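The chains carry the letters A, B, C, D and E, assigned in the order they are written, with residues numbered from 1 in each.
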Amino acid sequence: MDPFILSFAVVNGLLQGGIYGGIALGLSLIFGVLRVVNFAHGSFLMLSLYLSFWCWNLLGIDPYLSAIVTVPAMFALGYFVQSVIISPLIRRERALVVEPLSALLLTCGVFLVLDNVALMAFGPDVRSVQLSYYLPSLMLGPIPVNIPRLIAALAAILVAVGVSFWLRHSHAGRAIRATAQNRDAAAMSGIDVPKVYAVTFGLGCAILGLFGALISPFIPATPTIGLAFGIKSFIVVVLGGMGSIPGSIIGGLVIGVFEAVASQFVTATSAAIFSLGLFILVLLVRPAGIMGKA
Amino acid sequence: MYKPALKIAGLTSGYGDIRVLRGVDLELKPGTIVALIGANGAGKTTLLRTISGLVKADSGFSELYGESIHGLAPHRVVQAGFVQSPEGKQLFADMTILENLMVGAHSKRAYERRNETLEEVYELFPILAERRYQRASTLSGGQQQMVAVGRALMALPKVLALDEPSLGLAPIMVDRLFESIAKIRERNLSILIIEQNVFQVLEMADYGYVLENGQISLSGTGAELLGNSHLRATYLGL
Amino acid sequence: MSGSLLEVNGISKRFGGLQAVKKLSFNVNEGEILGLLGPNGAGKTTAFNMIAGFHKPDEGTIKLGGHNIAGSKPWEVCRAGIGRTFQLSKPFGDLTVVENLMVGGFSRSSDRKRIRAAAEEIAAFLGLERKGDTEAHNLTAFDRRKLELGRALSTQPRLLLMDEVVAGATPNEASEMVELVKKVRARGVSVLIVEHVMKVIMALSDRVIVLDYGSLIADGKPKDVVTSPEVLKAYFGERYVQART
Amino acid sequence: MTVSTIPLDRTAPVGFSKGPALALIVLLLAAGLPLVTQDSFFIHSAIMVLFFAYMATAWNFLCGYVGQLSLGHAMFSGMGGYVSVLLFTTFGLSPWLGMIVGGLAAAALSVVIGYPTFRLKGPYFTLTTIAFAEIVRIWVENTDTFLGFHIKGAEGLVVPMVGESFAAFQFGGKIPYYYIILGMLALAILATLIMERSKLGYCLKAIRGDRDAAEALGISPTRYTLTAFAISAFMTALGGSFYAQFFRYINPERNMGTELSIDMALMSIIGGQGTAFGPLIGALILTPLAEVTRGYLGGTFLGLHLVIYGIVLMLAVLYFPKGVLEPLKNLAVGLFRRRNPA
Amino acid sequence: QAAPTVTIGCVLPLSGGSASVGSQTKVGAEIAVDQINREGGIKSMGGAKLNVVFGDSQSKADIGVTETERLVTRENVAALCGAFNSAVTFPATEVAERYKTPWVVVGAVKDEITERNFKYVFRINNKANYDAREQVDAIDLLSKETGKKPKTLGVIYEGTDWGRSHAANIKKFASERGYSVVLDEAAPPNQVDFSNQLLKVRSTKPEALIVAFYTPDHLILSRQLMEQRLDVPFGIHSVGGGTEDPAFYKAVPPRAVGYYFVQEDFQIDITEVTKDPMILEADKRSKEVLGYPMSAYTAQGLSGVYVIKDALERAGSADRTKLRDALAATDIKSGPALATGYQQIKFDEQGQNTHAHGAISQNIEGKRRTVWPAENRAPGVKPSWPVPTWSERPNS
């Protein structure tokens, strides 16, 4: 294989993988703390894409600037969904057995509602932001690098580093980690557990708000776009290790680069089969993902 | 006016349809150690969890120095000054000792004084200072118990509750732990302690209660209880 | 005539940098109750888990009736004739007491009627006959412990491993458990018991071994072992010594 | 001692002792349905309900009793459908036989997949099942011929009409299909009831309850879960064959896609997983709900029916955590009690 | 005085991934019904009003079949139309055949749908293999007109039924006509990045690229083609899908789709050439309801209802058998039924409209103008062939 094409593919894979990882961050964070597998993850991304689109379409806000709107709005939505819909389940489970399955089903219901409310509200048509300016490709030697994608990929790494650092070293972050490890003990140490849950859920969604704004220049919004990203995020997060922030980025990069390189040798559909195969293989060797603890 | 450190009256609670507590009355004088005794499954842990707000009370009330803590969310109860070291230690397994202790100082009041309190906890349990960067999950059972007690102290409790602190400890560790508890009392704290190690705890306690069938069936000073024939038969196996 | 039922020979286990069990050897004789003591973190549960097949020893052999079972899977160990209880009791909450006991029976046979009869017999043996149809999650903590023991019995073991069966129990309950274990032995089952409650160990054990830092530091009659200075220092501490004198 | 913690309601669960009797009554009632109405749409809808009940029952046979969520079962459905149709179109083999061959093939596949997969837990297991199913689906979608069989990729397979013939599994009206799927469902429920009382059932429930404890009681989790997996895959494949013969058309997207797997899981979970009748109840509720909301709202408001479906799902999870079978049962027991005071 | 109402049923994907297509078709059908009722209904039936009810197939075969059952038995429809997805239409038309209810196929292109000797199934639009043939025809035509002919073709497509069968047909016709296919690349639907596929285009250098994707994928692909300034000398030839969807054009930068060739079952510039007031009005209504002009899907919905209306007029009855016979005798040469740009609608033995053909447009100076077939090409429309390179295009 031509080394130029190959390095081009690796660069593409890194960019795409970074974006996958960034989008998956929230899913991993929420699972890590709440033990809730958020099936509606992609739907939240879909909503933030729409939000960014409407900011641009109605108010003329640049998609990158629209993050000022999407991040707090998605935080609020996440906070709301957790405190109103999911927390009754957790409250119920405090006395009974923990049943992760119910959480999955519940968020599956959230997914159905969000996707179809979007369909009702925005219609089935594709919508997309059109940047008024032109971002030329950055030339990495002979390889053109798409700037919006680069921005999103770098943001993913920055956010991951930031969130990890914050979780590790801040007082609030420590409280979140403590809650993740032992909900009751955290409550007995004076931590407001429902609030930590709501904030964490909000934070996970706020990260999606950011990425909704960052990818809206190149990813169109449709009511069904969420599922594609949602499933990809699951694969990325499980591969990286559920609950691990660096794992999410690493999982994304592994999948991104693997797909990009593989699809230069075989067709994209075979590459999809191979990347699923890789996923299974990694799990068989490391049953809790690359960075996960068994 | 005299105000008990902790006063509980008519407390009823349970899980689902099952009523575990059926009107518990209990009082703790400031600066005393009170022991709570009862069979396996009598509801001692449930009592602590109910006071802490982790289990919802159906009726009754609980007060801390005259202030009601009844029906508060768990973190508010901690802020008010009732802090427990839970049964089975329940540490944050993947965090270091230091982090575990710092989580204990979560509430605002405690956070402001965290450094001084930390020094005091280290003084009480020097081994914790030595191992402060070690992960909690890799500690021995006795050390884990010290972390759990230390974490509770970090919250600056007015009343400290200890749920079976000696469970699963070798006799040598039990002794060391009880020495530490006696030292904590000297800091003018009130302590509510649940123990199966009835003999040892009643020797140390100022007062004791026996929980049976979801109610207090017997109470008295440590010496009185040790002399009680029912208690001796049931809980000391004599 | 009491030959060795279980022969543990030089087993070791490392967790990362930590040597949890170091070249441990001991025997359990036919019909014997052997107590296993040791301070917290001495490696008792680890040794226990290696015998029960939950950990694979790094080295050494474990022979049951002459066959090496080191490295066997838990279910193979069970079928070889070793039953065990867990430190935190683990009943199948959705199943009734009798159903819990039947599960163990299926490891020996597939005849439902016979298994049910055996399970009911064990329930009666435990004194749980009136609670046969109670779902296990509705049992009291102590009944759950007994069920845990009964379930291990239902697999018809030759050797029973018991991990801290009375931790947290009241003295009355502890004595009940002691009687129960004695009755178990009377059924022809040998027992290896880990326990911190001395009264239980003293009342039950024919012989006691003591672990410290993963190695054997004492082996002998209960009375002799608890007075050995090494054990006193490592395990009991000052107070116990004073109390005895 | 707190003996009072034993709940008062000690009536044996209906699914256990009165199960066969109840099954018989339901079965007889269902069998009589075509005598009451010949309405084609009604029968068609009933077939769909029974079909989904059957699929959910097949899913439940493994997942409900082992307590692991597989979202890859559609793969077996597709396999059953494809094998039976291909054998029919290529060799003229009767779908009745083809369906058995398909079932055996699916069972074999399940063992190959299950052996490594059952070590995984929770979401790891679930996603792996999805990954396997997706691999199979994508492969089929992109394969035209395999070993001389014309799989026809994403296009799907059409079952040629050969006229009414029992051997060819082709009937003029819908009523024969109704009885076939009813029979299949009855057998599946019967199989579940038998399994519940057999060694396999006890072992599965023990594994679900606590894996370590089950192992210590001489149960090899791999062996029993694989057995159940193979039976479940076999049953699912039969369902896939039925679908193919009934619609005379299958394609990978619908018959192997994740959505079908999710449907199977949802119905048994909402109904009550790990019970013999839960999946049936789930299908009885969800399939008509989907149909009615779609019929009344689908053409008018885009997506509103799915919003309603989603809300019902959330309410069910929040208010009936163990499925609706349990509260229904309690209700029935309560009514029964009131009428016959003990 | 109460004129009877004739109900027709229409099965369409109204939710899920193809909801956009379904809802446009639905709007087209509704416009037609409004127009017909306003103009006095079915005159031969005493001014009977038309009524259309819809069933949501969600693009799933079994649900489409169930909805068909419902429409036939519950809504008692005189005729059916739909269902866009071949996977739904194929089994659903079998239900219609069994109930002896006429079905006018709208949108579905699978060849076999009208190859089963069914009596009640009619298809107005193309079969799948026509689409591919027309694309190659257009390349042939333009090559002949200019004397410049590409030698190599590439085809990239969505790896589902539609994309795959189209690619297979393209390869068949390409080899018959002497083009070599140097790139054959399927991609799973719902891609978020086409860099990997474009890299392959870059390395195999096809002279013309045949593309089959639905809207979201097509959008990303088109954008990335522009961003990477990938030159394909004889242009991008899209076979409808995304490029048939008006929402696509609102979402894509106009530069990205410059010089695109689009094959669709609709003459995109029909409003520029037709004088039919109903078609013009439908275009206006479509703008009001959907926010964009009449699309291929709207036109097909419109056309389907008008074909049924024409048959009802001639049958003079809503009786399904009579209606079927009338449909079989259809021969429409004018009117709104030809909104898609056909010259005639007439069904063969199998119910296939033998006069069906697509139209291929090129996006010239921001306007999509029909360039093939030559008889649909408006005077003064000049195809750009080969297409300018990116650096030659204005404001680049």
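Going forward, a residue touches a chain if its C-beta (ideal position, glycine included) is under 8 Å from a C-beta of that chain, and two chains touch if they have at least 3 such contacts.
Not measured: the values here are computed from a predicted model.
Of all chains, the one whose Cα centroid sits at the greatest distance from that of subunit C is E.
Looking at which of A-B and A-E shares more C-beta pairs in contact, the answer is the pair A-E. We define each chain's centre as the mean of its Cα atoms; on that basis subunit A and subunit B are separated by 42 Å. As a whole-number value, the distance joining the C-alpha centres of subunit A and subunit E reads 36 Å.
Rounded to whole angstrom units, the spacing between the C-alpha centres of subunit B and subunit E is 75. Distance between subunit A and subunit D, defined via averaged C-alpha coordinates, is recorded as 32 Å.
Residue positions 1-2, 5, 7, 138, 141-142, 302-303, 306 of subunit D each touch two or more of the other chains.
Shown for subunit B are the residues that touch two or more other chains, namely 39, 41.
Across the assembly, subunit C contributes residues 93, 140, 142 that each touch 2 or more other chains.
Against subunit D, the residues of subunit C that register as touching in their complex are 52-54, 73-76, 78-79, 83-84, 86, 90-95, 99, 102-104, 106-108, 110, 112, 131, 133-134, 138-140, 142, 151-152, 154-155. Within the complex formed with subunit A, the residues of subunit B that make contact are 15-16, 52-55, 73-75, 78-79, 83-84, 86, 90-95, 99-100, 102-104, 106-107, 110-111, 151-152, 154-155. Residue ranges on subunit A touching subunit B, taken from their complex, read 94-96, 171, 174-175, 177-178, 181-182, 184-194, 293.
Against subunit C, the residues of subunit D that register as touching in their complex are 1-3, 5-7, 10, 12, 197-199, 202-203, 205-206, 208-210, 212-220, 274.
Only residues 31, 37, 85, 88-89, 92, 96, 99-102, 104-106, 108-113, 115-117, 119-120, 123-124, 223, 231, 234-235, 238, 242, 267, 269-270, 272-273, 276-277, 279-280, 283-284, 287-289 of subunit A touch subunit D when the two sit together in their complex.
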